[in-house]
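As structure tokens, here come the structures.
Two complexes are shown next, each including chain A; its partner changes from chain B in the first to chain C in the second.
And now, the complex of A and B:
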């Protein structure tokens, strides 16, 4: 966040940079890319798995994973849409991820919705159909069971995840500065 | 110390199984009818063969290892029964697996016999509760309907409520995947 934070560098050519400023590792596994929307200036690091192929039952174009701006998906993260039976047939539901969302290493995310400025630590398991509202913090190694709703500006941790603390109102600015800072520091060597 | 060379991969898959191309499969693996393996799964039959039954589902970054032969100097088959679910990022090194078990995300199971209808919750660790020593030739078997949950990986016995519903959801899930997976992923020719 500070002006003197070290750069996070990667070898040139290992990441694909899109016109909108997304940086996607070549080693990330992205299936069904046509069903994934990245808002721009997001980073998807190597070894991440984005399952855009698990789409809705009905015909036509469906967005499976939509992601806002300044998101950071760390190494080994799995993002897959949750599925359930609706009107007698099995179908997957889309994952909506807001702006400035950071997901730590090796987390598994099957959430339905992640609000803006959410920070998820490493090795977390976010269960199916979880809704995480804006600016929540999920501590590392948290397990959120199916269909948990995390209110805004709260800190959650443990297995099963529990509400531990709330956050001050200044948190939003901190998160934005942190995400934008990380994006500007993440560049080719 | 020289490590043994990795065995030659030999995959026998049933014609109705669906196996994605982007997986790590090593050693002698048999995949039964109607089983589905997502991309990025690992099946490592390094210690002995692995036989996967019918209608199993192995999701991405799940790891199934048969490595116990190296400890006991014999080639034991890791047999996995029917309708088992291995969810994202689980790591299974069990001695044998029965039918209709569910390994939830990041569950770790090692060194036990798993019977039927067991559930291993997200992020739990299951190890044999008998300390392994010289007399531990009889390894532990988890009774049917065991449920492992929570941060302390406590074990309770499930009364089987909602089992039929779970099975129906699973059947439809598998049916849907059979339809949708080949559209977006490169599959192995079996």
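And now, the complex of A and C:
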């Protein structure tokens, strides 16, 4: 699979490669980096915004954004933790993102949980406290209202997002191959 | 650009599918990732032909697994707290009421349902709840549909008594008196055959009345009609009050958003108002996880068995793990078109194909093109076909074009396959691939890789004995290696993938899509020789552990400009 996919190149020096193989653009805005965990071999492209500074205001260390392996955060994506008033005070809640998650260009994500192998198209708005279960597909330009639950192996689209279809049983293999393939094709020029 | 795989839909003749010029053939072609493979009957199965059973039901909103015993009683809908917004179908959230008490915000009862998509609130229809859980059971007391439900149950009960009481008359089928044993059986069968279809009883009774009326005129009186046994049903009438239906005149005077769209109303079970302000939210429909079985009547093996807890599958027999994946890419256009402007006679085409086989195209006279660009008439395009082997053993592939039926509609292109025989290395862990993994090839298969193509070739691979194969190997493979070193074959090998060339000549008078089928026959090493389970395509002797499997792919390479 992916026999004819072209290489995706970037200018040398514009990306920082970590020990675990993450490739993070120098032009990505990453705040509160100590509160962000990347699983390794994930790509954060230029212009992406990761708000690790929006953490719970209590003492101690809090993980704000945790991301699995082989994720791809495209250009202009905003990931911020969801927040709400709980017992009279405003609190942020962490974002958990699984392995092999792809988020398309200019999408805004305030989900509480994104399962493994989820594919979010470009220009999507994922509302606060949305839970996206494993291997779901969110079509481009979808708006998921607050606290929507996306069951596994389903396709969602539209504004407001609706369940449109379900996916074949082989979807997991397809997604894993795609994400691993993209990581290996994403190289310095 | 697409590559679709053929599913024979249980046709065991192993005939090639109808060519793409027959639109009816399109129903048997599916992408590889949605096909299944039955190991027992050694065949490809698709979603259209598998037998499907429901393994479990779950609510797509609360993800709760509903026991199948409850599903019917709950009318296939979630019976917890999951409701869909009547305006935008988003799942509703439960919201507490917030009050100021002693300068503090306190949230609590009453609870209402609110849509996070369009801000619709259940307060507008007067739904408020004391508790935040079990909305459906709380609503059972409130639901105006409840009256209609009891009405329906009452009329059902009323009719059921009638249906069970009107027994069919005993039927005399033959004059022979059967033995006691058989008579019992025939009686049972007759009973089953003449069992009343619910709802048909009344019609039957009516028919009987007519029949007796007719016979009476003839002077013959036939007995009991039982027509009058059905007593009148008295409606409870309670449900009629809730339906404030409006006349068409009133509706036409209203603004559009005030009238509920049909799409919002047709799912609601009971007669409801046509005003959008009074459309009620409905419980969310359950979803299913499906078990899929081989459709073959003598097989019925499980192909897909889902796990109720996760996205994994306990059994997953998918074609992706058995058939080599075919991909098409890297389109190049041949520059030396030759006399391509006039339509060619069949002999001329044949001659040109023969020429092409002898003389390999020189590097440099081909130009890379975008895959989605429209094809030009009279041009020759060279594509690369990539075959990826999913098996842990190397395979040998024979690539041919199936013969079209005699009176098939004319085609708009010609296909030439320069390399008809090649091997694809085994699937391994990424680190296990060597720089030069040619030695990993299936012994005896390598030699056949570059036999000069001949339409009738069918004697290579599994058909020869092992000793023969090795001896033919010795003569051809050295030449092949040399050729490969010079890069002339156009065959590229990398890990478990082999890329070969494919030439497509678009005819000068071509129109529409250029679509063609390819027959892929691959020879693989079976895990254990099973002499009693020899598939029809395998021509090898029972002791031979090499097996062949044939499938067809349909390639669409684009549209003619």
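We adopt the following convention: the second predicted complex is superposed on the first by the 188 of 189 C-alpha atoms of A that agree within 3 Å, B and C clash if a C-alpha of one lies under 4 Å from a C-alpha of the other, contacts with A are read in each partner's own complex, and residues count from 1 in each chain.
The rule we apply is simple: a contact is a pair of C-beta atoms (placed from the backbone, for glycine too) under 8 Å apart; a residue touches a chain by one contact, two chains touch by 3 or more.
Worth saying up front: this structure is predicted, and the values here are computed from it rather than measured.
Superposition note: with chain A as the common reference, chain B and chain C can be accommodated side by side. By the touch criterion defined above, A:4 lies against chain C but remains apart from chain B after alignment on the C-alpha atoms of chain A. By the touch criterion defined above, A:78 reaches chain B but does not reach chain C.
Touch criterion met: A:160 reaches chain B and chain C at once. Once chain A of one complex is fitted onto chain A of the other, the partner contacts of A:29 are limited to chain B, with no touch recorded for chain C. Once chain A of one complex is fitted onto chain A of the other, the partner contacts of A:90 are limited to chain B, with no touch recorded for chain C. Angle at chain A (Cα centre) between the Cα centres of chain B and chain C in the superposed arrangement: 120°, in steps of 10.
Of the two partner chains placed around the shared chain by superposition, chain B is the only one that A:125 touches, whereas chain C remains out of contact. By the document's definition of touching, neither partner reaches A:99: not chain B, not chain C. Superposing the two structures on chain A brings chain B to within 6 Å of chain C, judged by their nearest Cα atoms. Overlaid on A, the two complexes show chain B and chain C touching the same residues of chain A, namely 127, 145, 160. Across the complex, chain A is touched by residues 22, 39-40, 59-61, 88-89, 105-106, 121-123, 150-151, 168-169, 172-173, 175-176, 180-181, 183-185 of chain B. By the touch rule above, chain C contacts chain A in their complex via residues 33-34, 47, 58, 60-63, 88-91, 93, 104-105, 115-118, 287, 304, 310-311, 313, 316, 318, 320, 325, 327-330, 384, 386, 388, 497, 499.
Remark: chain A residues 29, 31-32, 49, 51-55, 57, 76, 78, 80, 83-85, 89-92, 106, 108, 110, 123, 125, 127, 141, 143, 145, 158-160 touch chain B in the complex. Residue ranges of chain A in contact with chain C, taken from their complex: 1-4, 88, 127, 133-135, 145-149, 151-154, 160-163, 168-174.
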